[in-house]
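Quick one: the structure is below, questions incoming.
Order of writing sets the chain letters: A, B, C, D and E. Residues in each chain are counted from 1.
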Amino acid sequence: MTGSPRGGILAGMRKLWTKRRSGAGAPPGTLIADPAASPTRIRFVGFGPEELVEETIDDPMAIPSLLERHRIVWVDVTGLRDLEKIRALGEIFGLHPLSLEDVLNVPQRPKHEEYGDHHFIILRQPRAVMPLESEQVSLFLGRGFLLTFQEREGDCLDAVRERLRKGTRIRSEGPEYLAYAVIDAIVDGYFPLLDRYGEVLEELEDRILEGSERSALPRLHDVKRDLLALRRIVWPLREMMAALLRADPPIFPPDVRVYLRDCYDHAVQLMDITETYRDLGASLMELYLSTASNRLNEVMKVLTVIATIFIPLTFIAGVYGMNFDPDVSPWNMPELRWRFGYPLSLALMAVVALLLVIYFKRKDWL
Amino acid sequence: MTGSPRGGILAGMRKLWTKRRSGAGAPPGTLIADPAASPTRIRFVGFGPEELVEETIDDPMAIPSLLERHRIVWVDVTGLRDLEKIRALGEIFGLHPLSLEDVLNVPQRPKHEEYGDHHFIILRQPRAVMPLESEQVSLFLGRGFLLTFQEREGDCLDAVRERLRKGTRIRSEGPEYLAYAVIDAIVDGYFPLLDRYGEVLEELEDRILEGSERSALPRLHDVKRDLLALRRIVWPLREMMAALLRADPPIFPPDVRVYLRDCYDHAVQLMDITETYRDLGASLMELYLSTASNRLNEVMKVLTVIATIFIPLTFIAGVYGMNFDPDVSPWNMPELRWRFGYPLSLALMAVVALLLVIYFKRKDWL
Amino acid sequence: MTGSPRGGILAGMRKLWTKRRSGAGAPPGTLIADPAASPTRIRFVGFGPEELVEETIDDPMAIPSLLERHRIVWVDVTGLRDLEKIRALGEIFGLHPLSLEDVLNVPQRPKHEEYGDHHFIILRQPRAVMPLESEQVSLFLGRGFLLTFQEREGDCLDAVRERLRKGTRIRSEGPEYLAYAVIDAIVDGYFPLLDRYGEVLEELEDRILEGSERSALPRLHDVKRDLLALRRIVWPLREMMAALLRADPPIFPPDVRVYLRDCYDHAVQLMDITETYRDLGASLMELYLSTASNRLNEVMKVLTVIATIFIPLTFIAGVYGMNFDPDVSPWNMPELRWRFGYPLSLALMAVVALLLVIYFKRKDWL
Amino acid sequence: MTGSPRGGILAGMRKLWTKRRSGAGAPPGTLIADPAASPTRIRFVGFGPEELVEETIDDPMAIPSLLERHRIVWVDVTGLRDLEKIRALGEIFGLHPLSLEDVLNVPQRPKHEEYGDHHFIILRQPRAVMPLESEQVSLFLGRGFLLTFQEREGDCLDAVRERLRKGTRIRSEGPEYLAYAVIDAIVDGYFPLLDRYGEVLEELEDRILEGSERSALPRLHDVKRDLLALRRIVWPLREMMAALLRADPPIFPPDVRVYLRDCYDHAVQLMDITETYRDLGASLMELYLSTASNRLNEVMKVLTVIATIFIPLTFIAGVYGMNFDPDVSPWNMPELRWRFGYPLSLALMAVVALLLVIYFKRKDWL
Amino acid sequence: MTGSPRGGILAGMRKLWTKRRSGAGAPPGTLIADPAASPTRIRFVGFGPEELVEETIDDPMAIPSLLERHRIVWVDVTGLRDLEKIRALGEIFGLHPLSLEDVLNVPQRPKHEEYGDHHFIILRQPRAVMPLESEQVSLFLGRGFLLTFQEREGDCLDAVRERLRKGTRIRSEGPEYLAYAVIDAIVDGYFPLLDRYGEVLEELEDRILEGSERSALPRLHDVKRDLLALRRIVWPLREMMAALLRADPPIFPPDVRVYLRDCYDHAVQLMDITETYRDLGASLMELYLSTASNRLNEVMKVLTVIATIFIPLTFIAGVYGMNFDPDVSPWNMPELRWRFGYPLSLALMAVVALLLVIYFKRKDWL
């Protein structure tokens, strides 16, 4: 999902039905590749407690013979452009056309489905923040194999690969443990993202409280929108993991379930933090609006005070600027002929100004 | 539902009880046709794995004999004006008067009801956007037949008809698969609509962030109202599909249920996107209001600054415009007689203006 | 419930405890009549497939003998003033004192209660809109009889009476079908009300979008308050009907339940529309506030522009209105002696005005 | 709970932990009396169908002998200061120390707990409104006795005492019926309170719609805060009563449960009205804000219009107040020498004013 | 969790994944100590009804022999820096690596997990307010032992230690009662905090109603954010305690469960008060905004009135300041030659001012 600078969530969502629309009415299970997708690369990892074979495979037909040679196999597919390869993989592993359709028609919501002898799990791994980008990871977990599909090169699974190479416990366990490790790595991959949003929120809070808040608005909007999108990812993720744990008969052996429960706790925490951040975002928006409104009030008050003080003064000056002629009659502006007319008029102005200042001070407007 | 340019949702809703009111107190199951409805046209499609017969039927009484000749029959009725034909169809297929009443009294909420030997399903298919228009599709699914009622010509089922003609798997399955195909086509028909709303939201977001936001308000209101209406359609649609999947004994054979589950996923996604768009709409409204308020603040500040700078200057000019006569007494405006009185007064004004500018700069109001 | 022009919901709610307060501490089941209630009138309807007797009864003691003569009996009581009659009816039909208390202590929430051999159902029928007025209808459904209590003359049950007179199916069914017919008529009676609110909302929307929105505020508030009150009626109504349908053992025979389910659908639709209208009302309030704020901004801008253009001009005029005497020194306002002093000063003003206009145009404030 | 004029809810809530804090870390069940509590008074009521003994007891040790002499006993304790008496009662009736702690550590949430042979019920009775004050009533319901604790003299139970004295049905029933009567009296005691809040809301609505809304704000805030507090009382009250009705084995005999169900209905109605009032309060706040904002707009418009009309006029007057000397050159303000210069200038001003008035009329700003 | 003056909640949340990130991809159960954590100190408390031994232990290896000597053992660990000691404790008590990971990876959400022979409980104890700081307390409850981990020295458990020393009932009960006492002390530790927030809210309410509300905004924001954070702690705390009570088979013996139920009630009350405070905070924000807006309106009105009264007066003065020459023609400002020209002009101004004042009084703007 390559999001435009703005509109990440909208762009991502719209991509879905642009594709689906073209296939509308087609029989279900019809596979349509996105010509803009990355080229397909198949990485094969076969392992057992004592061995580990990693190789990049060009022809999926080589897999059946490899499958026999290894206790556990991880076929890691990157890029969804090459329809033939994907279809071949589907046949080799006996995947349902509908699930392959879901693999290709990204983005899908995180979900779990059972297909007789294998399980189909859809996750989203984070890619970038501001705007949020995420990418679908599809897992097929069967007897002795784990098949993963990702949209592009580059992921958060390198640590899993490293653990496989180092030959820790992961090599002695079944594909369920491997699936757990993949899910765990993906779930944990969201924490740095949230960290980033937390940083931005902290920064925005500081800026709003300091008063340099103008530019905060579009960024706050961006964060809020990203968190909205994140919530739409994390919520079904958590639900899906709860379903994995509750499944009867159980999908994962008891010792792996202990770990998955831990991973589920992390997903709950993700949800928790996302919600807290959303609440904080709403609270910051409120703070921003109040602060901006307070600032306006401040400016308005100064205007009021200055204008209101000068308006009567200007009026007095205006009166003595009238051209009534004291020569014509003694009633006509005799002040102009007074010895201290001018100083008295200035004094009058000063008194009026002073009274107004006192009034405004009393009213606490100054 | 021919909506007025504005008020699509209200117009649609009000249409319901305008009709119902006239029938209030009538015994339940009394059929009343809307004279403004489209004329009734019956399209008959009979098919089996090897055959396909399509014809337009004028007299429903021709159907019983056709029913015997085909393994599976799809009677596709368009237009709800001709009460006689609809009543005849009800008798031929043994439909309950209450369900026929629901067929005619559009719009109804999406729902599913079981009537002994057949199932009655109400859906809404989208028609147009901005304002949102949708149309009721009523399905009767029985042994060997599918009966559909639509309000007007033109629908999103052409792809289903095409698949029937092409003779894919759809011809070998039962009427349940056909019903699934119809439901699937209708559900998928909402995605282009959502795409349109997504586009509008993206456009509105751009316009609001750019600042040319005035005209955004009525459009934003329209989108929000349409999404509100859409939610009222999609929510019961999803519930109804969940009920179809949960029904015990099952309505659909296992292999069709896998597909229906997929279709249910799409309905969930519809709901998900609708909710996200609603949240985005609310967020955009907030952004709009804040942006508009910021703009006003900007204007206010400039006014404040310009006015507040000139008000004291004008006052000074006013003072020296007073007509106190320096001839009368040396106390009366001696400045007027100063050699540099005028330049000094201008200098005074400049100093005052400068001080105010510095003050405003400091306060960050400029 | 005769509501004051404003405060319909409050007045109705307060009426309840004004009465209850007087009876507080009284033993439960003590009947207290409201002296302001309408006089009690008892209409007796006895019927069977072939017969129908309608008469107004003065002495409730005449009922036991009438009961024996008719297969099914509907005793329709209007007005709650005459305590003796109501108590007598309670004894004749074996009603529990608590339920009779609920009949008199209007308004109660819609609810359903079972008392051994009869069922007690409370509904509210609509009376008027803007402000919303509704009235309690209490139903006692027992073996062979239906007993209804209404607060005042005039109701939405005339269609039911008409159907009884016309001798349709309703005469061949039991009292449960009659009860269904009454409930159905009451539920359907809400639709014209909603239609009215829909009309008002449409009208308000038009007025707000057109800009003549001032007077829209109190009306919008009235609609919102009425919809709030309506929701408090419709929500328990729907719940009560769901309880009637779920009751185990069933209250209604299977064929009547099909109809009641249909009626329940209408109640759900009522709820749905009420909620949609409430959402629309909130949306209109938001639109109203934004529109009003936009209008203010518009006015503010014009003020800003006009004031800000004239303030410097007036200042310039003020400067040349100063009385510095060019005779005293060549430094004092030599412009006054220039040949083209006046035209130049006017030109200066025009240039300043022009620059400001250009500036405001650029800023898009004009 | 003696609330300060403002801060009733906060004061009440804070009182709780001020006390609890002092006892933090103390073993559970340690009884600590509040020295500011009212002095303890024990009223003993023993009764049967034919007898009634009321007396005030000083030494709780007199109770065991009294218990034997009466079929049913109600020990009504007022004031929580005298720890010894309360502890003695606890021993006589076999109460759990934790429940006695709850009796003393007021305020507690309404709740129900079962302790083997007796039931412990906490309720709150209303005391005063604006600000809302309520008081804890603790009930212990056991075989043949009801023990009630109240914080202060004065309650809403006088009607119950009156009914006991009058010897109605209440004397023939067991302590469960007495407990019901007490609960019913307390629940009904909330209705006059709600009536008061209803009155205030009605009054506020009138004042806001009339426009004299300034002083409405703090009162509206008070009502909203009180309703918030009331909701926190009524919600657990309703839950507690539902639990009492659901309890298995049942606490109340069937005939009393019919009455309790009625009382539960009242609690539901309380909740319903409280929620409606809260919604109304929120709606009034919105109305208030809009009305205040409208009023400001009105004032702003008048300012705009008057200022904008006079600013150009003043400018024109300023121009002709400039001191350019027509003697110096014919270009300098020749208007001053025109025969009709002055009337023409006044006419110019009138024309400008008229044009502006027309413009503002057109814009609908006047 | 050492929070910065601002950003307590954000800082605390971000700390979590800063740590987790470094360990991302590591095998689960890998223990990583935070180098900034407090040094680890182990306090050993062994007791029975008749004995109590308290000592600080340096080498965890001393514990196994101590375990045998005491009926019940409480190992109280403070500071999480010393990984070796913690790992050793894990081995001695047979703790699962994942739970030890949770002990170190603070902060975790309050939760309860069962590991065969022991229970793992995570709580948070409050540390400071404004900003809110809390600290993780991890409990391991097994046969005969309670193991607690805290982040730093200083806690709210001193009362528990005191009770152990005093030899009350706590010494005769099992480790479950001890665990209850610890949980109870922690839950009760939140009440003084809430008291503090209650005080601040009361103070803020007073200040807002009095009008000195400017500085209230950032504090109100702080309180709201803290209450948001508190809710995120208290909600899972309550859930966790409900789970502890519901656990089947029960974790706590019946007599301890009575106490735990009491403690659960306190947690519910915590939740209740937190929610009430949040609602109050929102209500205060609304009140603040309305009050601030009202104040602005007040200022605006005074400006309007003063400006609008003086603007026409200034205009009149401006007119008679024009230099049209009465000598040139009798049409030119004859008023200047009138005997009472000046008094009349002043009278005109007074009349205009008076009319405006009356107008504003009528409009209720003054």
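The rule is simple: contacts are C-beta pairs under 8 Å (C-beta built on N, C-alpha and C of every residue); 3 or more make two chains touch, one makes a residue touch a chain.
No experiment lies behind these values; they were computed from the predicted model shown.
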item: Between subunit E and subunit A, distance of the C-alpha-averaged centres to the nearest whole Å; value: 25
item: Length of the line joining the C-alpha centres of subunit C and subunit E, rounded to whole Å; value: 41
item: Sequence positions of subunit E contacting 2 or more other chains; value: 293, 300, 303, 307, 311, 314, 318, 321-323, 333
item: Topology of the chain contact graph, where touching chains are joined (line, ring, star, complete, other); value: ring
item: Direction subunit D, origin subunit C - full chain order round the ring; value: C, D, E, A, B
item: Interfacial residue positions of subunit D with respect to subunit C in the complex; value: 156, 158-160, 162-163, 168-170, 184-185, 188-189, 191-192, 194-195, 198-199, 201-202, 205-206, 209, 258-259, 261-262, 265, 268-269, 272-273, 276, 279-280, 283, 286-287, 290-291, 293-294, 297, 300-301, 303-304, 307-308, 311-312, 314-315, 318-319, 321-325, 328-329, 331-333, 364-365
item: Subunit C-touching residues of subunit B, taken from the complex the two chains share; value: 6-7, 9-11, 13-14, 16-18, 20-21, 24-28, 96, 98, 101-102, 108-109, 111, 113, 211, 214, 217-218, 221, 224-225, 228-229, 232, 285, 288-289, 292-293, 295-296, 299-300, 302-303, 306-307, 310-311, 313-314, 317-318, 320-323, 333, 335-343, 345-346
